[in-house]
Amino acid sequence: MTTPPPVEYKDASPQVRAVYDDIKASRNVPDVNNFWKYLARDPATLKRTWESVKQIMAPGALDPLTKEMIYLAVSVTNGCAYCIASHTAAARKAGMSEAMFGEVMAVTGMANETNRLANGYRVPIDPAFET
Amino acid sequence: MTTPPPVEYKDASPQVRAVYDDIKASRNVPDVNNFWKYLARDPATLKRTWESVKQIMAPGALDPLTKEMIYLAVSVTNGCAYCIASHTAAARKAGMSEAMFGEVMAVTGMANETNRLANGYRVPIDPAFET
Amino acid sequence: MTTPPPVEYKDASPQVRAVYDDIKASRNVPDVNNFWKYLARDPATLKRTWESVKQIMAPGALDPLTKEMIYLAVSVTNGCAYCIASHTAAARKAGMSEAMFGEVMAVTGMANETNRLANGYRVPIDPAFET
Amino acid sequence: MTTPPPVEYKDASPQVRAVYDDIKASRNVPDVNNFWKYLARDPATLKRTWESVKQIMAPGALDPLTKEMIYLAVSVTNGCAYCIASHTAAARKAGMSEAMFGEVMAVTGMANETNRLANGYRVPIDPAFET
Amino acid sequence: MTTPPPVEYKDASPQVRAVYDDIKASRNVPDVNNFWKYLARDPATLKRTWESVKQIMAPGALDPLTKEMIYLAVSVTNGCAYCIASHTAAARKAGMSEAMFGEVMAVTGMANETNRLANGYRVPIDPAFET
Amino acid sequence: MTTPPPVEYKDASPQVRAVYDDIKASRNVPDVNNFWKYLARDPATLKRTWESVKQIMAPGALDPLTKEMIYLAVSVTNGCAYCIASHTAAARKAGMSEAMFGEVMAVTGMANETNRLANGYRVPIDPAFET
């Protein structure tokens, strides 16, 4: 059995097309990214994932740029090459400057370092942080 | 051999006290957190880590609150209990509201999910993300 | 010093050939995968790893397909590209359908998300789970 | 500012109560776990997470026990103490025997080991796995 | 169903006792650690894990202290509290001084930081590293 | 906006050149690796990272080879392809033999396995490890 190919718009079912149409309209883009074309192998996952992403990444108490930078920091921590590429692009589109990018990387790197120092030195939680 | 205890100010060497004094002055706090008292077992690591944290977390292209929320998202991704507690407290002190906290968690959770979907579906990077 | 090349059967020592022969017989395949050819740089690791894998992946309380899907879910979580490719192939060979693949991915993604929500909200373990 | 407490049913808003009621009915339990009581600090996240979990963990191409064991394997890989405790309990309730538990652990441990061997030996993907 | 308790020597089967006896003799200790008592719930995993650990941690091209420090660095990276505690103790017993401990932590922290900087800046591998 | 290219020596600012010169002199190499050329997009991160790496990797209580092997073990655990390639090369240059490499991989693999077994069996820390 070979792996099913990613689903292009012209080959998509009406259910998948409806999700693609919503992504394209919401993001004002002419086509969806590979991520969605691969997820479309499982239409239920495609639909659920898009609806969750759409809800979570909408402007709220945090602006879209801040959300994209947090997404990028997590993706860098996990080492997901696709996600680093796509969310770097998305963060830039949302306004991340080169200087902001440098600071996201610096904070992400530092957090990964101090997370391990706290683990290794077995630091107990300060009572002040418990409330 | 027993583990050396954390270093309290009254027992600290002049080199360690100088770092503690700078932390207390920079953050306007009466005492340093456990993290620093445990790192002080190795004064070189204490000094280097504090100087890096101080430089990285200073206001720059990103404001301190945004930096603290990124720090928190990374710590949650790595599952570092101490770091989650301390950076939740720090982010709140910097102005993170309950609604912002909820959104940081939502984005962090979603990124961890989609990072794995991208891995598992083996999604190739879109050419548009390569530049 | 250059990296030693992977070990092909024709160039292998008798000790390495014995492991390759057992892999080929156990799995009914004409040649071993790259994983084993690279591990063969260290014959002790090759032998120990194969014997452990053979024991663990044999039918037991769980059937081989279930074991392969668990292996895949872990590999996706860790982002190991080689392991995702090889265990997707192995799971399919053991009977994983496209629908099953989609559900393994969905569960793996969801678990990675809720693991972080549990971390970030610092949820204490329910007493009912302690026994 | 102190952390908001987990939300008990008697103190919950109608929106949160509706989710709790659905969890209790779907799982036939008298009360929801701490996970949901903590997520309820953010009703949108509570609702979205429950709906996704409910959809993903329903019987499909995979039975609920297999899904719970995959969830457990991911949680063990990530080291999420809460999730390990809750999904061990859930898997048992779904029928995981002690022997099955032992095999889930063995496969999870082995996958984590061979994932790193594949990383460290820098094993290239076999052409046969690419299709 | 309640979780089976850890297996004490007096309650152990002959198969489990044989492993415990070998651990006690190899390490010259009066009793085995909790790790082994919990693994003993699955005698096959107990035996296989001990035999692998015994083989891998024996003196070879690397001395036992170096191996224990590598074990500790990995455990700190993964945030496994039990493993950090037990391998810190083991490394000390093998001769790790307080200064060595500080350097293991510093290298581990730094590696975790630069791993993420390499991810985030998407650094391509230098041709010189490919051979 | 396109991604800024890596910074070659001939195009570097005096501040970046000073770091490159120090790397080349300290390591006795004719050019710096890609890692530094990419970090140079953010001169402050370049300088801080190099100074930390230089301080941490200098001979101390541990020799440089031991430090490089620990660095490699962490990079393998995190699955950072660039870091695995560069620190394998660095460890070899510092004297890591093929047999030593095999043992670093074996210990790293085993630690990743037993870390998960300790997580999954929920092993409590032995009182003897607490001091």
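Read from first to last, the chains carry the letters A, B, C, D, E and F; within each, the first residue is number 1.
Basically, a contact is a pair of C-beta atoms (placed from the backbone, for glycine too) under 8 Å apart; a residue touches a chain by one contact, two chains touch by 3 or more.
Keep in mind it's a predicted model, so treat the numbers as computed, not measured.
The set of chains in contact with subunit D as well as subunit F comprises A, B, C, E. For the pair subunit A and subunit D, the CA-based superposition corresponds to a rotation of 180 degrees in steps of 5.
Chain geometry summary: the mean Cα position of subunit A and that of subunit B are 21 Å apart. One inter-chain figure worth recording: subunit B and subunit E are separated by 27 Å, centre to centre, where each centre is the mean of the chain's CA atoms. Distance between subunit B and subunit C, defined via averaged C-alpha coordinates, is recorded as 34 Å. Residue positions 3, 41, 44-45, 48-49, 52, 56, 77-81, 85, 88, 99, 102, 104-106, 108-110, 112-115, 117, 119, 121-122 of subunit B each touch two or more of the other chains. Interchain contacts join each chain to each other chain, per the touch definition above. On the subunit F side of its complex with subunit C, the touching residues are 79, 88, 92, 98-99, 101-102, 105-106, 109.
The part of subunit B that touches subunit F in the complex is made up of residues 2-3, 44, 48, 52, 55-56, 131. The part of subunit F that touches subunit A in the complex is made up of residues 1, 3-4, 41-42, 44-45, 49, 78-80.
The part of subunit F that touches subunit D in the complex is made up of residues 72, 76-77, 79, 81, 84-85, 88, 104-105, 108-110, 112-117, 119-122. The touching residues of subunit E, when paired with subunit F in their complex, are 33-35, 38-39, 41, 45, 49, 52-53, 56-57, 60-62, 66-67, 69-71, 73-75, 77-78, 80-83, 85-89, 97, 99-100, 102-104, 106-108, 110-119, 121-126, 128-130.
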